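Here's the structure, in structure tokens; my notes come after.
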Amino acid sequence: MKTARLETFSDGVFAIAATLLILEVHRAGGSVAHGLVHAWPSYVAYAISFLTIGIIWVNHHTVMQQIDRVDRTFLFINVVFLMIVAFTPYPTRVLAETLRDGSKPAAFAYGLTFTLMAISYGAMWFYAARGRRLIAPDADQRVVSGISRSFAPGSIIYGAATLSSLVSAYLAVALYGAIALFYVLESSLFGRDG
Amino acid sequence: MKTARLETFSDGVFAIAATLLILEVHRAGGSVAHGLVHAWPSYVAYAISFLTIGIIWVNHHTVMQQIDRVDRTFLFINVVFLMIVAFTPYPTRVLAETLRDGSKPAAFAYGLTFTLMAISYGAMWFYAARGRRLIAPDADQRVVSGISRSFAPGSIIYGAATLSSLVSAYLAVALYGAIALFYVLESSLFGRDG
Amino acid sequence: MKTARLETFSDGVFAIAATLLILEVHRAGGSVAHGLVHAWPSYVAYAISFLTIGIIWVNHHTVMQQIDRVDRTFLFINVVFLMIVAFTPYPTRVLAETLRDGSKPAAFAYGLTFTLMAISYGAMWFYAARGRRLIAPDADQRVVSGISRSFAPGSIIYGAATLSSLVSAYLAVALYGAIALFYVLESSLFGRDG
Amino acid sequence: MKTARLETFSDGVFAIAATLLILEVHRAGGSVAHGLVHAWPSYVAYAISFLTIGIIWVNHHTVMQQIDRVDRTFLFINVVFLMIVAFTPYPTRVLAETLRDGSKPAAFAYGLTFTLMAISYGAMWFYAARGRRLIAPDADQRVVSGISRSFAPGSIIYGAATLSSLVSAYLAVALYGAIALFYVLESSLFGRDG
């Protein structure tokens, strides 16, 4: 199977999931002005989720460019990965609804989604890259190794941020936002070589 | 009419239908933690439907690669097939809302949608493949026959799982999940030759 | 401006509008089985709207293949046309909610949307085709004339069906369905030459 | 990074955001006929937002055609820009719900979204165009300068219209509509050279 078909499938899911996020944003009660201002948790959750999906979209292309063909194990991991990406609007909504109360379970579920996303994304890459199993013959080993190095800490960083929600929902959300901002800068840099 | 236009139409519907599924997932009542955990029927329904649409997407490309041109009967069957694919989020929502109660009608309606999808999908293929009516001249007959063999049991398997909902909703949902998993592995294998 | 950019814009709107229709389908009250069966007005409205958008999608490509370039008037008409296509889920929902009561205003609003769609679609085509203003130099005049002949009655047929809603909502909906079925067959035939 | 990947990402977000707008349109209370007619604020908000996103879509392609490559700063601005575009359905809904009451905060928030969109869009262009930083070597300087001239007043025009909401919500909405209509004509003209 050619990777182009997989990329089309994935691109569609990324774009739709990111744009659906806004359907979960609702103004708060009270006057119109009050409701617009006090919906800030929705805006925060929207921005973090949108940035995160946007980053994954860009990186997914860079990853797929190194890959020559896919086998059934790779395809299976990719479908599970996309299922988690498309799941994002749900924990985003729960976070938006409960962030004002500092709900730790909501912040935990939100981070858990990103952690599982990072794990399945990393699994997909390392399955392809181990022994250059699915890597294109002409792919530069330095680029391949560079991608591996940038993937390695992802799951651990998201896992740690998720655990921080047990201390404080606000701390965890601040970390999720910081990670997204870091990856916007990182992945852009990374994208330059792609 | 070229098949490329049909594939673009179909791809859009597959990606959007799969990603819209998450809008039907809602947390249950009670505390945030309780509501997140007790929304498990939504997660189950989401995962089965997402996997099923993902499988169909991949297979649709493999099928279309064997086909050279389409006529009006093929086009009509394909539109009906897509109408059923795009219908999926509705029975998925009903199943998610009622699975905790073991609602047999919901499990039946969910399976019926997949059965009708399998019938229209099979009808589309066998219409194209009979006497190689719409098959590309250079398509390998072994691949064509292989696709026919893999399609033949689809409607019967989904029909049987749907009927099992008359005994138990849980049994039926377990079967729907097992079929999706089987096809993820099967279709990937199948996709390797595509 | 090249037509490819316009087709991409249009294709996205068609696919998304058709697939969003299912979000407007809700089961009726009472038991699960009762609610599923008595949601039939939603299923009818869904099927007619899905088929109608599917037909327009296919035809739009055939039309655009005859066109070489677009100017600002053509672009303006196309944006208005797409705005009406993307509007479809709203009257579809209203029809689904009120069809059981035979609501004439809902059936009228539904048909009015299709009538306006047919008028803006026809206006777009006749603007391009008059004196072969935007027609590709190598386009066959017989195909161009054939498209013109098939477009001419569209607005009148939809207008008449819309007016029939003043007599009976059921009559009007039966006519909308019959028109969609007719165009599925017609446009497929038509598509064969495309 | 090639601009093609960025355009695909952007196109998906534009098409989905525009088509999602209809989910925010709801009929008003009372009889069906009354509810359909009195939902006019929803129709007005829908039309202005749809036209505005449609215009941006067309212009985005023209802009990207002048650009040869993107760097991380450009990518970051583009992601923020898309985040604002995808945000549009939310202030559109709030405007639709409150326009009958002439709510100034809703009209302000709606215009503020467009102002921020214009600022981020302009920032993206001027970052690329300054000293022809990211401009393709073969891009005509007259076209580049023409785009710069057409972008320059955008943020100021939207900002002024937004401020007018402090006087009257109706005035502001009339201005937003007038700006959209102006850009449909302007951008089409502009697109002709693209």
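Letters A, B, C and D mark the chains in the order given here, with residues in each chain numbered from 1 onward.
By definition in this document, contacts are C-beta pairs under 8 Å (C-beta built on N, C-alpha and C of every residue); 3 or more make two chains touch, one makes a residue touch a chain.
This one's a predicted model, so the numbers in the text were calculated from it and none came from an experiment.
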Number of hops, chain A to chain C, where each hop joins two touching chains: 2
Equivalent-chain rotation between chain B and chain A, CA atoms, steps of 5 degrees: 90
Interchain centroid distance [CA atoms averaged], chain A/chain D, Å: 26
Centre-of-Cα separation between chain D and chain B, whole angstrom: 37
Numbers and ranges of chain C residues touching at least 2 other chains: 12, 16, 20, 23
Touching chain combinations (by label order): A-B, A-D, B-C, C-D
Sites on chain C touched by chain D in the complex: 1, 5, 8-9, 12-13, 16-17, 20, 23, 71-73, 75-76, 79, 82-83, 86-90, 94, 98, 103, 105-106, 109
Residue numbers on chain C that touch chain B, as the complex places them: 11-12, 14-16, 18-23, 25, 27, 31-33, 36, 46-47, 50-51, 54, 57-58, 61, 184-185, 188-189, 191-192, 194
